[in-house]
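Please find one structure pasted underneath; my questions will follow.
Chains: A, B, C, D and E, in written order; residue numbering restarts at 1 for each.
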């Protein structure tokens, strides 16, 4: 009995040790990824800085990265940076949630019922090519210039790619798997939630990432509707006051924060799709 | 011998007849689709017209559909309509081709080689959340205000969703099929072109449709760069001259032509994916 | 006068502020309106307008009660049926001029023939350009007008993509100070004025409050005249521009006349004709009538009086 | 539940795959379907299950004609059809109702029955072919269906695992008195399990022969009767072959 | 080409699937792999093919140790693995080089050999299970590979189609002198085809027994020798079974 327990505990320690080792490997791999991923941006920044110092780019058009960084730091010091980032991130996330929710409901519906597709899909597809700026006057008219109209505007941007990918995912689900569900007497809702959604998850997640990207893009249009804070506001301000360092600061902030939110989605994607039988890349 | 030929010819006629019948059924189905798809837009238009007539919407902000239609007809009569539509469609299509080509090359590369992914992907993902308007000053700086900069701007918009969907498609390709290619000694290029692209075609086509939609959206930013014709120009002109009927006319044109180009892609999609083993929808 | 028919107090007053209207910034910064209405529990809500067209959009959609715009923009909107009145002139700005780079070889309006000129159609700089060409007798067709947003026009000019630019402050001040761009044609009188507009509805139901808002603007105007340096600082701070640019911009604003009068009326009619010729305003609109409808000096006259 | 097919046929895009198949099975009977590849066996199972409703003819369950999917039906498809995003255990309990605990207990029991007690937490991509097939078997059996349709359920298994699972099937059949239709290419299997063997042939497939077996279960695998039956069946299949090899 | 495995093993995520397998095959030999489900047969084939290179031990082809994918290799996977976007004919000619005409001619010939001459234009979703497997067989054989790895190639086929294809395989083997490794659960098949039968057992799988068959081909299916061998193999498999059923 004792011997057995001892054995069990060795096994456990071993497992533990190997797990810890795994984690270490994982962490060092993560660091490697980050380093590799930073190479090109850093090279670009250095080239840009050098060209700016050599005055190949005139400063009033394209200031050096150090100047732009100075602008961002300045914003950080007077405290307004966090306001801009905070309010924009809030708007994007709220719009993202709203847009995704609507897209899931409508997308499952349209993907699943032929009649629904014939009724709604043509119109939705037509709306898809209306530019964000075109919505601005209509949104101001319908919803005024408060937060709701801004969030809805972003939700519109998020909606389309999510919707499109959900439908394509649903259509692509293997008939064979759906039949298993039917044999097990699942109703339509269960079919969607237990088979179709998981099976179309890869496509759905791509849609989410596309949608989030578009959400960030729609921020500018949203913040044209009477905002006095936010990254989109900063961008437009920079354009109106001909301040390239403000424009570039807002671009860089967009890129960084957009990348950050996308990275979160990417991690979720990797977790959620671990079951895919895919080739380990060379 | 003769008898046999006669038989063959009966069979052929039969086949022919059944084909013709199939085509008839198809055509009447198409008509049905179009009718069904028009129901909701037409209802919306009627409601809008009525509300406008009742002056629920003030004409100086949201003129009635008939007024907007009048504006479009007016543009058509003085001939400028075709110029606007033509130039914008040309820009979108050129940008679409360019953006798609780059996305296919880069996407296959990044989807296929781990190192390429680690090097390029983080930066590309960061660029994805930069709004179209933010690119405008940079593009003017880099490429001036001619057609190339406009087309490139649209290509940027098209690029991201196509790229994202290609990668997700490639990653989702079943390992089992790729192994068949490897056993048959396909090189990397053949693996991509003969297995990975066809297998990820559903995702790729969704990307194309998403990308085309974004191309239409980027038109406005593109035509902010010194255009004197085009739907985006019309939209911005409408906003600058505070003319809601011009804004709405351009929105409706965007929707119609965007829908038309999407419809073409949708037909291609249906043709290209006929091999999918999918459930006939209820 | 109109102050007799008050319908009670509004719950809140929604004001816009804009970087092209320095006094609005001063007023917002100093909080004089808040002070004025605090006792009655009326809230003041400030909304930023990024441009004349935004201010008018907000007015039209009942998102603000007072909006600042260029006179010409207000006229276009009014011609489209917008229910607004101009009740106050916040400045006589020289915010637009024609700008070029030294290497373009342009020194007068005459040189513009056959050249590319960037302008934003429908805005004050565009009107300015048309009137300048008209003045010098150059047909519009001889000039290639390229429609761009103001900031983009400045970039295109410095990059050399266009030969001249119908500029707007503060962009114009900035290119003037930081690159070698020069203003080769200036004419204060071809600028339309800075109009403070109010929604007709608001003016009808709360005329007394219109007067009190105008009084607030007056206070800001007087303060700005007395403290030009501090005003420039406020502008620089709010609009995130350098103090030099802010000072230059302020110098080009004349705050002496605040009551809408005949000069404004005439300037607007001239602008309206140009816009009509440029097909921005419909040909069958009666410019004089619209202008008279738009400009309503009674409030300012009553408040400022003499 | 009893089962009756009347002149069932199926045409795919103008080409007939199977035609004019009629047979009936009382509750608790085991019917074997044998036939050459592509003669329509799977097509018939799909028609019986209700997954396919575009067949000609009629199918009656418990006397009632229906084209819907039956309650209390179990289907082992020709391919495993596991859900790649679920673990082995979750795949097995997919069709079960009840609390999580109950489901897992039942699932684990059946996993043990098919010899996969240790693999409960694996994902489908980690399974061997035969293991996947056994998971699919467990998934169909765990719901204790009244009608069981099996499409070559044991084809990817080694001889002994196969025998074990055949006996497991008979256990379940005894407990729940299920009506079973089994498609198989293994004649020994058919003679060991079935009350009646229906041999299809040709393209489009038609019923060629029906053989009844009135032997008590459990049957002896090596018994003389079964050996004789095997010879009979082989001969009748051979006939088709000779005929078809002409073209 | 000759083939040699030395102490080959494979571990998946810490769990050993198969270990210490060594055997060799001269050119033109047919090796059979038998064993219980999940004992590592497919894993071994993948290692030999070079698709999997993370095994322990060494594999030598023609005397040269390699972990790459071999030229001139044919692999029939346990699942059909057809490309759903290609027709049957295009699937068969997938690995061929040359002009379209040549390819199609060859492809059609092999389709005829596997009895699918009429189905050249169908898409995989329109095939029955056995038809799909036959397409996969044709696809592997059409390239006339020097090494052929077959993973339960005939499992989904009826007895007579199976025999026909076994003979087709022997034809090809005779023409090209291919070295063949075949995984099968059908003992009759193994004794009919193989020069040597390797029986794996246990989890992780290990070689339990090797049986050589020195009979000339073509062999008589009903011969006494094969029947004796079958009994021997059954017994050795039975042993495993008895052992495993303890846990």
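The working rule: a residue touches a chain if its C-beta (ideal position, glycine included) is under 8 Å from a C-beta of that chain, and two chains touch if they have at least 3 such contacts.
Quick caveat: nothing in here was measured; it's all calculated off a predicted structure.
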Overlap of the chain B and chain E neighbour lists contains none
Chain pair with the greatest number of C-beta contact pairs: A-B
Do chain A and chain B, two copies of one chain sequence, contact each other through the same residue numbers, with over half in common, or through different ones? same
Centre-of-Cα separation between chain D and chain C, whole angstrom: 83
So, in whole Å, the Cα centroid of chain A is separated from that of chain B by 21
Provide the C-alpha centroid distance between chain A and chain E, rounded to the nearest whole angstrom. 47
The positions of chain A in contact with two or more other chains are 61, 136-137, 141, 175-176, 236, 239, 276-277
Residues of chain D that touch two or more other chains sit at 79, 125
For chain C, residues contacting two or more additional chains: 57, 60-61, 149, 151-152, 155, 159
Which of the chains are touching one another, listed as pairs? A-B, A-C, A-D, B-C, B-E, D-E
Can you list the residues on chain B that touch chain A in the complex? 32-33, 36-41, 44, 57, 61-62, 112-115, 117-123, 125-134, 136-138, 141, 160-161, 164-165, 168, 171-176, 178, 202-203, 205-206, 209-210, 212-214, 216-220, 232, 235-236, 239, 244, 247, 250-251, 254-259, 261-263, 266, 276-279, 281-282
Using the touch definition from the top, list the residues of chain B that touch chain E in their complex. 176-177, 179-180, 182-185, 194-195, 198-199, 201, 275-277
The residues of chain D that touch chain E in their complex are 12, 34-38, 41-43, 78-79, 115, 126-131, 134, 151-152, 155-162, 164, 185, 187, 234, 237-238, 240-241
Chain C partner contacts - residues on chain A that touch it in the complex: 58-61, 136-137, 140-141, 144-145, 224, 226-228, 233, 236-243, 246
Looking at the complex, which residues from chain C come into contact with chain A? 19, 46-51, 54, 57-58, 60-63, 149-152, 154-155, 158-159, 170-171, 174-175, 178-179, 239-241, 245
